[in-house]
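Common to both upcoming complexes is chain A, partnered first by chain B, then by chain C.
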Partner chain A sequence: MPKNPYLNVLAYAIIAVIFIAIASYGLGRLARLISKKMGASSRKQDSTFSGYFFAAPWIIGFLIFVIVPLGYSLYWSFTDYRITANVPINLVGFENYARLILNDTGFRSSIVNTLFLTAVGLPCMIAAALFLAVLLNQKTHGERVFRMAFYLPVILGFNTAVLLCWRLMLNTGTGIINQLIRAISNAFPPFSYLVRGVIFIQELVSGFFLGLNSGRFSLLTRVWEAGFPAANRVPLWVESPLWTKMSVVLLMVWGCGAMMLIFLAGLNNVPRELHDAAEVDGANSWQHFWKITFPLLTPYVFYNLVVGLIAFLQIFEPIYVLYRDNQPLVSSATSMVYYLWQASFRNFQIGYGSAISWLILLLILALTAIQFATQRRWVNYELY
Partner chain B sequence: MRTTWAISKRIVLYIFLTGSTIVMCFPLFWMISSSLKTLQETNSPGIMLLPKHPTLEAYIAIFQNSDFLRSYFNTIFYTTLALLGTLASVALVAYAFSRITWPGRNVVFFLMLSTMMIPPQALLVPQYVFFNKFHWIGTFNPIVIPGFFAGGAAMIFLLRQSMAQIPFELDESAFIDGASHLQVFWEIVLPLVKAPLAIVATFLFVGFWNSLLAPLIYLQTVSLYTLPVYVSTLYNINSSVQQWPTIMTAAVLTTVPLMLVFFIAQRYILEGVIITGLKG
Partner chain C sequence: MRTKLFILLILASIVVSACATATTAPPTQPAAAPTNTTAPVTEQVTLKIYLLDYTADTIDWLENEINPAFEAAHPGVTVELTQGSWSGWDTTFAGFFAAGEGPDIINLGSEMNTLYGPSLADMDAYLGEAAWPDINNFGPALQNAMYEGKLRGLPIFTAPRYVFCRTDLATGTLPPKSFADWVAFAKANTVIDPATNSLTQQALIPVDAGSMADWQWWLLVFYSIGGQLYKADGTPNFDSSEALATTQFMLDMRQATYGPAADAVGSLPTGQGSVIDVNDDTGEDNGAICLAHSGWAAPAADRPVWENVSIEPFYGDTANFPNSKPVVLAFNDWLAVADYSKNKELAADWLKMAFTKEANNKWNETMSLIPARNDSQYGYVIESPILKKEAELAAQYGVGFAGIEESAQLSVIMQDVLGRVVTEELTPEEAVQQIQEQYITALGE
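Our next item is the complex of A and B:
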């Protein structure tokens, strides 16, 4: 460890800047030389030099921090490399991948958990964002304040501090959310039935997916046998394996402000004439929304789906802050990235971790490719 | 008849808007309120929106906690340094992609966009091994230096879109006067993209300030911890009683800079993204 960490990083920052300047100049000169060899005009040579000179920081960074690491991790994923052990690296072929896919129940359940989070959370998040955007689009007084309030959670985001505040609010017994649910249920009994209905359905669905993870459906049958929840039941947010993922969904939906901004941009682009024409035909607001606005918004829905999917598949912070080391709860919430962190940086199995990284990468690429392949069926680009 | 209908619709709209605002801001309110409560009050059942006996005890205690203060300083220090380096390099690269025509530009640009698909976590393992070889574990280098190499494809893209909208006549006349690309970049292009720069700076700031995974892996010693890592250690997962007032005080102090930056930049973000982020 360096004596003064602050001076140390400052020194390295200066070295990095000098390195980038020299390397950029070198890359620019090289590009100019090549374009000269290919017989370009001197003006074109100049712009080739400048282009590569300015783009060089990214090109160099891409090589050092993306291409080389990806190459090495691909190689390591076929080895039994462990960072702590002073033993030579052995090639083990596809053993890591085979173990991950066939035998590792922890990894399998982390995939199921992450996909469950995505399948439940992403539609909720998009619906919430769309709802808020439509509300804001009505041109009200104080629109700016509302906009700020809706966007604020995006800035606070997944900061540990904010996550811990949610942890406090989600306490089963004393947390404010359950207190409010109890208070409203007492004052207004139909609300209690609604809450208990939601609890029942949620626990059945979660129980089913937890069963998929472990292969044993004992939790599901227990929920089913317990029947419709009793009058004083409240959600067991961060206490029951049935609810751990729902807490994360809640957090994600809370941060829907970025998607909301995208939808607002889309709503601004819907031509007024279409609504005027529908007005003449006597359409009600429900028809206005689903027949005119929503089809024109589908490109924006698609954008949010693509970006949101990647965000969901990379969830780490909430799992780490809320459930880390909380046995046996953590296994019901483990996400793919959390599992990666655990294998690589707790157990220092670099070979195994590399294989996990590659599987996550391939899964994200595959799901995104599927989204792009199916977009023609429902995304409406007529306006654009 | 028509007007009463319109008015009642308006009222419902405002009720929904206000309700959503309360829901979205509630965690923040709860954080502040809890930081002023006593330990008994945070752990007691019943709805207590405001503390009955407001106390600044937790604030006084945390300002005497040297670990917390140092992690605060660490966060400011590393965020500033990483932000400066990233912002400068991102602006340079965005200039190359928008204002200069060079062979291979489209290929490199496409490559850059495709890196957005690579989850940063997939690179974490090999990068850790490299930084370990450099003996950079336990220093700030791994969380600061990579940014200097124009980290953040989305940010480059955002800046490129706005730089591309500046009329090219401006540079042409400057070049005739004998200006270099660096001069045009600094004197003509940058002043015209102040708003997008502010947005990118805000996003980068928020990203660095909130970052948990990389600091957690690379810093390793308490004396280097950044706020997210330090605050997460305040919450003891296996204990049944948490020091909620202390945790919430740390949380409030952690979010203050975020709020400040957001209030300064919200004008650009809430309108600017709509103009520059998607269109173009």
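Our next item is the complex of A and C:
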């Protein structure tokens, strides 16, 4: 290739474009041929060619970047492939799957952690997104600024700067979140009881889940024995295994802007006349929301539930950025995908990692299927 | 019309591909026998080197001095430096090894020789004593650049873990020389602010300030009381009395600092600069009395705080373990040659040029670290009292952090288990038993 890296990239780009054009043409011709064999008219053959020719770039990309890796991953899941071993790959049948399901306590812990994050985090995220959407749906000055502000976390994502900010904000002693809790508690003592109550319940729940992971409930017992938290207690966000998962939940809730936008779109679709009729009947704001708005928003809630569930079951980034270099804490927050990353890219067990990825896929499929099966009971499609 | 377009596209692709092929120079240097370092290379070859987190001064020096000199001595060879980061490096390297293609020379840490060893080139023919007598000048760090007794590359620097202490702030005798002394020291030198239930002063900050039970710190303590990672038959030695005592010490130190796990004391706030330094903005100390870490975490060499900082090894626990010895755990960075490289001989030539006595000194001067070559420890090393002291301690008490089988898995196992020791989910006895069992399983895989 040319020595100049820019020319090099240019040459590769040209080759890629030519390849895509030729492959698209070939796919179109193939489709036309099949159409001809099936007795289609000449006009139909032409339209088949055009359709496949224009769809081909995506189809080719999908084949190369999704189907082929998928096939490899499936194959590797039945092997002992390990990148750095420098030895031939051996087929081991279902050994990886059997080990994962029957023996691997780490994988089991990662499932429990992921389910905890999903069960606690997803409702919190949807509630926060819905709350913000309802607020932003009010016609007030600067609503666009607020919309942008709440959507900004989605754009920022979990990059290094964001991570650093969160770490500083979550610092137990000097972080702004705990400082705020302390300040409000001092100014308004009942708030202190509320916070400590939340801390107590949260630590009991986390202790229970950590006990499920390890098979021992000693941490839960210790939290219980310590009793109601002292007046100076604050959340130990990124410091205690009892709080690691809640820190992740906090980060996920912070990034609820995309869900909020979906809800905003849904709120705009609720017919005004329904609210006017309710107004005439004397409904209050609470009744407006629960009797009109929410039922008509259920398709949007369902969509966010499906997408959110998949996102939570695949949660990786917040754990990676918050705990990757905080090793003693990471095991209390390890999700299924983090465990997959650990097996594949830290231990280089590609075969084992591939098996994990297929099990995750099956789990996601099963839970999504359950969601679809139960949606008829609560999702209202009357408007759509 | 469509057929003409199709033919045109095919012709264009052939032309572009042909142009590309004509300018491509396949790197086909055989890795047979070592040759003269200035052997002429007639074909166009790019020697690719992947470095992790080096300073701008280091990169400037490599690009302005070493690489031009190397390219002049090897006509037709271009050296290409790529700079990566220790954050995410493992994923990047996994890609190189999976594809069997990537940089010829890669940057590794000391414990990685066993993890990557099977995929690294045997460089004895090029860098062994017979081919390069300079190899005898490398210190103990060279062990970290070997796998199965064969050289896989060369170490750049040595960065041992010392115990740095603030002599002006410490209460009690420095340095503590037994486990009991350390626990007493931790109790006497730790301050918790009752208003925030958080630490405002911490007696000792080892590798991980929060848990105080990081696996690297555990290994340092373990080695200092005479612990051996493997038994004579090669099985792990976590069921030894040394392993149990080390784990108990981790828990005792943690509790002497943070109290029982249920007390939920907050950690020391994040400060500016090193934890044993002084914050220039506020004039207040950052809060740590002692730091068990390498020079990376210590204050910069020109900081005034050094007037009040002692540098010591970790002394073990002679009272209970007669085999105790002062230890500084020697980490290092090293450059390895990948087995997939088609330019092994060129890679060796580049390493020889970048690791001469003078070059190893210069390279480390750009980072203020201790050169891996013994004969390179001159100039700035002995002119700086800090580096001089560190170099002396490393030479006297240095223990390598290498030869750990399945190091990645062991680190995960130990971190998980030790994390549960400090939260009192596991007793030290249960912890060492779990580490032993899980590590044996990992080795069996």
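We take it that the second predicted complex is superposed on the first by the 369 of 384 C-alpha atoms of A that agree within 3 Å, B and C clash if a C-alpha of one lies under 4 Å from a C-alpha of the other, contacts with A are read in each partner's own complex, and residues count from 1 in each chain.
One rule holds for everything that comes next: a residue touches a chain if its C-beta (ideal position, glycine included) is under 8 Å from a C-beta of that chain, and two chains touch if they have at least 3 such contacts.
All values reported here derive from a predicted model rather than from experimental measurement.
*Asks:* Fit or clash for chain B plus chain C once both are placed on chain A?
*Replies:* clash
*Asks:* Name the chain, either chain B or chain C, that contacts more residues of chain A.
*Replies:* More residues of chain A are touched by B.
*Asks:* First (chain B), second (chain C), both or neither: which does A:326 touch?
*Replies:* A:326 contacts both chain B and chain C.
*Asks:* Using the touch definition from the top, say if A:174 reaches chain B (first), chain C (second), both or neither.
*Replies:* A:174 contacts both chain B and chain C.
*Asks:* Which holds for A:91: it touches chain B only (first), chain C only (second), both, or neither?
*Replies:* A:91: touches no partner chain.
*Asks:* Does chain B (first) or chain C (second) touch A:347, or do both, or does neither?
*Replies:* second
*Asks:* For A:76, using the defined touch cut-off, is the partner it touches chain B, chain C, both, or neither? Pick first, second, both or neither.
*Replies:* After superposition on chain A, A:76 lies in contact with chain B alone.
*Asks:* Where does A:198 make contact in the superposed view: on chain B (first), on chain C (second), on both, or on neither?
*Replies:* neither
*Asks:* On the A-aligned overlay, A:22 touches which partner chain: chain B = first, chain C = second, or both, or neither?
*Replies:* second
*Asks:* Is A:216 in contact with chain B, with chain C, with both, or with neither (first, second, both, neither)?
*Replies:* Only chain C is touched by A:216; chain B is not.
*Asks:* When the two structures are overlaid on chain A, which partner does A:254 contact: first (chain B), second (chain C), both, or neither?
*Replies:* first
*Asks:* Counting clashing C-alpha atoms after the superposition, which of 91-99, 127-135, 163-171 or 361-369 on chain C is the one that bumps into chain B?
*Replies:* After superposing on chain A, the stretch of chain C hitting chain B is 91-99.
*Asks:* Going by the contact definition given at the top, which residues of chain A touch chain B in one complex and chain C in the other?
*Replies:* On chain A, the overlap between the chain B and chain C contacts is residues 1-2, 83, 167-168, 173-174, 324, 326, 341, 344-345, 350.
*Asks:* For the complex, give me every residue of chain C touching chain A.
*Replies:* Those residues of chain C that touch chain A are 2, 6, 9-10, 12-13, 16-17, 19-20, 23-24, 44, 78, 87, 90-91, 94, 97-98, 115-119, 193-200, 208, 210-211, 213-215, 261-264, 266-270, 339, 406, 408-409, 411-412, 415-416, 418-420, 422-426, 445.
*Asks:* Please name which positions on chain A make contact with chain C in the complex.
*Replies:* So the residues of chain A touching chain C come out as 1-3, 11, 14-15, 18-19, 21-22, 25, 83-87, 106, 167-168, 171-174, 178, 182, 210, 214, 216, 218-219, 222-223, 225-226, 229-230, 232-234, 236, 239-241, 324, 326-332, 341-342, 344-350.
*Asks:* Under the touch definition given earlier, write down the residues of chain B that touch chain A in their complex.
*Replies:* Per the touch definition, chain B meets chain A at residues 13-14, 16-17, 20-21, 24-28, 30-31, 34, 42-47, 77-78, 81, 85, 89, 92-93, 95-97, 100-105, 108, 111-112, 115, 117-130, 132, 138-141, 144-146, 148-151, 156, 181, 185, 206, 209-210, 212-213, 216-217, 221, 223-224, 227-229, 231-232, 234-235, 237-238, 242, 244, 247-248, 250-252, 254-255, 258-259, 261-262, 266, 269-270, 273-274, 277-279.
*Asks:* Which chain A residues qualify as touching chain B in the complex?
*Replies:* 1-2, 5-6, 8-10, 12-13, 16-17, 20, 31, 35, 47-48, 50-55, 57-62, 64-66, 68-70, 72-73, 76, 83, 132, 135-136, 138, 140, 144-153, 155-162, 164-169, 173-174, 176, 179-180, 183, 254, 257, 261-262, 264-265, 268, 300, 303, 310, 313-314, 316-317, 320-321, 323-326, 337, 340-341, 344-345, 350, 353-354, 357-358, 360-361, 364-365, 368
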